[in-house]
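Next come two complexes, and both contain subunit A; in the first it sits with subunit B, in the second with subunit C.
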Partner chain A sequence: MNLLRAWFAGIPAYLWSGWGALASLFMFLALWDWGSQIYGDLVLPGPLATFVQLGALVDAGAAWPELAVTAKRALTGFALSLAAGSVLGLLAGLSVTASVMSRPIVTVLVGMPPIAWLVLALLWFGTGDATPVFTVFIACFPIIFVGALQGARTLDGQLKDVAHAYRLPLRMTLSDVYLPHVVSYLFPAWIAALGMSWKIVVMAELLATPDGVGAALAVSRAHLDTAASMAWIAAVVGLLLTAEYLVLEPIKREVENWRTAL
Partner chain B sequence: MSRDAFARLAAHPLFLCGFRPFYLATAVYAVLLLAAWTAMLAGGLPMPGVPGGPVAWHAHELLYGLAMASVAGFLLTAVPEFTGCAIVDRRRLLGLTLLWLAGRAAYWLSGSLGIWPAAALNLAFTAWLLSLFAPPVWRDPGRPHLSLLFALAALAAAQAGVYFADPLTWLHVAAGVLMILIVLAMSRISMRLINGMLDVEGVTGVDYRARPPRRNLATFAIGLFTAAEYLAPGNPVTGWLALAAMAALFNLLNDWHIGRYLLNRWVFLPYVVYWLMALGYGLIGAAILAGWPMVSAGRHLLLTGAMSLAIFVVMVVAGRIHAGYWLDRRRWIPLAAGLIVVATLVRVLSSILTWVGMNHLFLGISALGWMAAWVLFLFRFWPVLTGPRPDDAGGCAEPARKPETPIKEFAC
Partner chain C sequence: MTLRVTGLGHRFGLADVLADIDLELPAGESVALVGPSGCGKTTLLNLIAGLERPSAGRIDNGYARPACVFQQPRLLPWQTALDNIALGLKAVGVARRERERRAATMGLRLGLANADLDKFPHQLSGGMQSRVALARAFVLEPDLLLLDEPFSALDVGLKAELYALLLGEIAARRASLLTITHDLMEAVRLSDRILMMAPAPGRIVGEYRLDRPRGQRDDGWIYRTTAAFMDEPAVRAGFGLPGQQAGGSVVALASAAAGRAKDRP
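Here is the complex of A and B:
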């Protein structure tokens, strides 16, 4: 309970520390604005024009449904790869043979360009939800798999012996010895994969589906509407930034606390 | 002035330490300047015919007259303390004071005398300060205070721009440099002030540290905005950079959130300085991006607000400690600081009211409140600054007497 209260008391300080990130982002917006002044609105609409356009899209009710469809696909693909990647990676990490065996296969998967998977997926699944979901899954899988594999491979054998010597119950061994270590490898992999899924899904939608942010981007490109394109991009990046700083980063800090506490 | 009279004048307690004449000059000039400016706006006094017009006069005297006096007073006291060099001797201090006064007279008369005498005297003053501080700051091992020297040099460069190029453009640059100087000076003072307070209160486990990366981000952001405003005033790029400066200043306050001790006056007043500064840059940024005519209101948040309050806080702290008194614990300090803040907010309000087409009454109220704060300061500090020390120590030394209530008093 106290822990929870301390955690909640830390929220304002955490939110306030976001000002540092905002300072950098504002400098980036300045650079963007400068670029748009050099190349003109047709090539690169400025941040203000983009945000106004985004506001218009939201007001017109066009933004949220597309974003929801995209988010659903990204998260489905991500959840699948999270489950498969974590379980298979951990299993492979338990055995030296399995990890040696799986390495080259993972290298092949990582080396395969997502756009190639997309082409295959289009041939296999046609246009529809399955294509972007599969592309996201197959692109995220190796990242999570490698994270889980390394987490399992680097488990401290001495700690295991200590736990054994003290006859720690299995449940405690798992939750206090193995879990923190494995999670500290898994979690960064999950975050990297989530960012990846968000990018891949837009790319897949651009070529494969009639709806979603990617499709909206394709439409605005066809209309040579750079402002609308930038608005969609800003929406996607904005959502990613929000998720990253409001949800994932706090959890990451929490999970990695034990490292600094050592 | 004869040599004898000069020596007798220099022997006055006012010239015991560098801050004394300049802190006095700052407060006296604050009241005089705003009284004159209000009278000019009301039509009771003719507008000064200086090059660049009345607004340039107003800004120049507040920045290079008033703020420069307080900067001189601060550095003349702080540099010897930071670097361990000797304090400025009385005759030089009197010379500096007279040069500052001559600079004021020359600028007021620059409409008829031309800009050259004013430029020569005012630049000579800044150059003299630089020549006094450069050797000890440079010789100091590791040169931890070099940034103060750079800021003063930048202030001098902008000053040359005011006289020989477009006055208002360069006065805006000077305002930016002053903001950087305030952040640099405040971070040095606040470390000692806040940790001193925490020690006195017997607080353990709470620790205040002005972290250099955050400070560097803030000064970098302010510098970037200042440069952008010089190169492209009113451009959206400048607006975004103003917002970046706001965010970087708010980011600085991460160091300050130390729980309820934040409400201690010696913590809270510097804290408010940063708030005003951040809000000022925020308003400037919003005004540029949205096209509101509120840039001047934002500038007044920076100068009437943040700068005045920073000067006030430094003067009530250093002005007593280095005169041999312990920190003032009376109520007038929060009162005067509150007057400065309220006057600033009323000044901003008057910009909004002018924008929507209402009268200038608020301008007068704001000026009166601001002047009242400095009158209060003068009332309390005249004897401290012009009188002899209450102890046997000399020069700028910290109080040699035992504090009356030893537990609650501390030096900065």
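Here is the complex of A and C:
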């Protein structure tokens, strides 16, 4: 509840601080436009053409259903990896043996290119929802797992003594001593994994499914419709930016308030 | 209400850290354990606080509400000063409004400002963090305070202020105090009885009573008593000081003691 109130109260100041970010975004748009003037609309459609095309897609009712399907797959895979990665990572972090043993496995998982997982997933699950969901899951899992592992490994023994000496009940030891520490490691990992899930799902859809943004990209590529391709890309990136800066970043600021000097 | 330690021994792996410790702390008494670094003082305090289990002997702690102050403040970095002070109250289920009121009262009494109470530990100076750590213990109205040299990192003025607050607090409540320190002046200032410890394995090698009531000790008396205490053979041997100094004046001894106490981390 407090978190929610702080979130709303922080919005004006936060939005004001966003001018700098907006300025750099507009810089990027200007460069993009410059590039399109040099190479022409067929190779690189400018921002204006792209957003007009995106508006047309939205008006035609084509954009939202595809984005919804893609979002559902990305979030399903992300939620699965969030649950599995957090729980398993914490458990592994509590035991020295388990954390030492899991390190090389995680390195293998991180080093494995997502496209390789996609090929395997295609062989195992065929063309359907399961393939992108699995690819997202397997790509996000090690990121979250490592975050949770480090959170658990770095728990402070001195604070454990404080909890013991002040006779904190188990529930309070977890909520007041362990959880805030672990969350400060987990939360950045979750955000990194969410960004990853969004990228992976489009790649998986491009090769594996008949619908979704990735599939739409494949179609526009087949039609050599660069403007439509750019429109889809802009839609995907725009959604991610919105989610990141309107929802996740303020929560992160609130959660990690105690770290940064105000 | 008594704390009774009998035949206590403790081992870490193959090393004997403590051997054959006997100790009694009746209600209202203040005892200081002094000894060189590494003589097992902190381990003894951890055993008494119940943070570790002894390898041998027994600890009968008859006190109902013991509270610990550690060498570092050990505050929860993600909680404000106020919430840190209220930690123990929350643990025993005091309602939020009530525990925040009591924590704020105690924080202000220990010299924190209202604005400090809403700050996170990293925004507070070392001295302020120590005050928060003391307030966290005092607010529980403990009948036994266990102090593990919580003042060792503070400057002289701050120390004097916190000693006064501490002595006032335990006198008002007739609470018992067990202090660990290697600062002999601190021991002389705070305690009714000083126990000298020696290392390898940690054991008690001397016991000294201080007769003057805690409230009536002025600085002159403390310097003289510390100097006399430094001349005790067991104390000189325990801290590895060179043999008895012949004919040194009391004042010279006192300043030497103060210098040494300050040099130690």
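Quick notes on this one:
Please note the rule applied: the second predicted complex is superposed on the first by the 253 of 262 C-alpha atoms of A that agree within 3 Å, B and C clash if a C-alpha of one lies under 4 Å from a C-alpha of the other, contacts with A are read in each partner's own complex, and residues count from 1 in each chain.
Keep in mind that, in the parts below, a contact is a pair of C-beta atoms (placed from the backbone, for glycine too) under 8 Å apart; a residue touches a chain by one contact, two chains touch by 3 or more.
No experiment lies behind these values; they were computed from the predicted model shown.
Bringing the complexes onto one copy of subunit A puts subunit B beside subunit C with no clash. In the superposition on chain A, contact of A:169 is made with subunit C only, not with subunit B.
When the shared chain is aligned, no partner comes close enough to touch A:195: not subunit B, not subunit C. On the chain A superposition, the C-alpha centres give an angle at subunit A of 90° between subunit B and subunit C, rounded to a multiple of 10. Of the two partner chains placed by superposition, only subunit C is touched by A:158; subunit B is not.
In the superposition on chain A, A:30 makes contact with subunit B only, not with subunit C.
Once the two complexes are overlaid on the shared chain, A:250 sits clear of subunit B and of subunit C alike.
Smallest inter-chain Cα distance, subunit B versus subunit C, after superposition on the shared chain: 10 Å.
Residue ranges of subunit C in contact with subunit A, taken from their complex: 46, 49-51, 67-68, 70, 72, 74, 76-79, 87-88, 90-92, 120, 122-123, 136, 140. Considering their complex, residues 214, 217, 221, 224, 228, 235-238, 240-241, 243-248, 250-251, 253-254, 257, 285, 289 of subunit B touch subunit A.
Those residues of subunit A that touch subunit B in the complex are listed here as 12-13, 16-17, 19-20, 22-27, 29-30, 33-34, 37, 46-48.
On the subunit A side of its complex with subunit C, the touching residues are 158-159, 161-162, 164-169, 172, 176-177, 180-181, 184, 257-259, 261-262.
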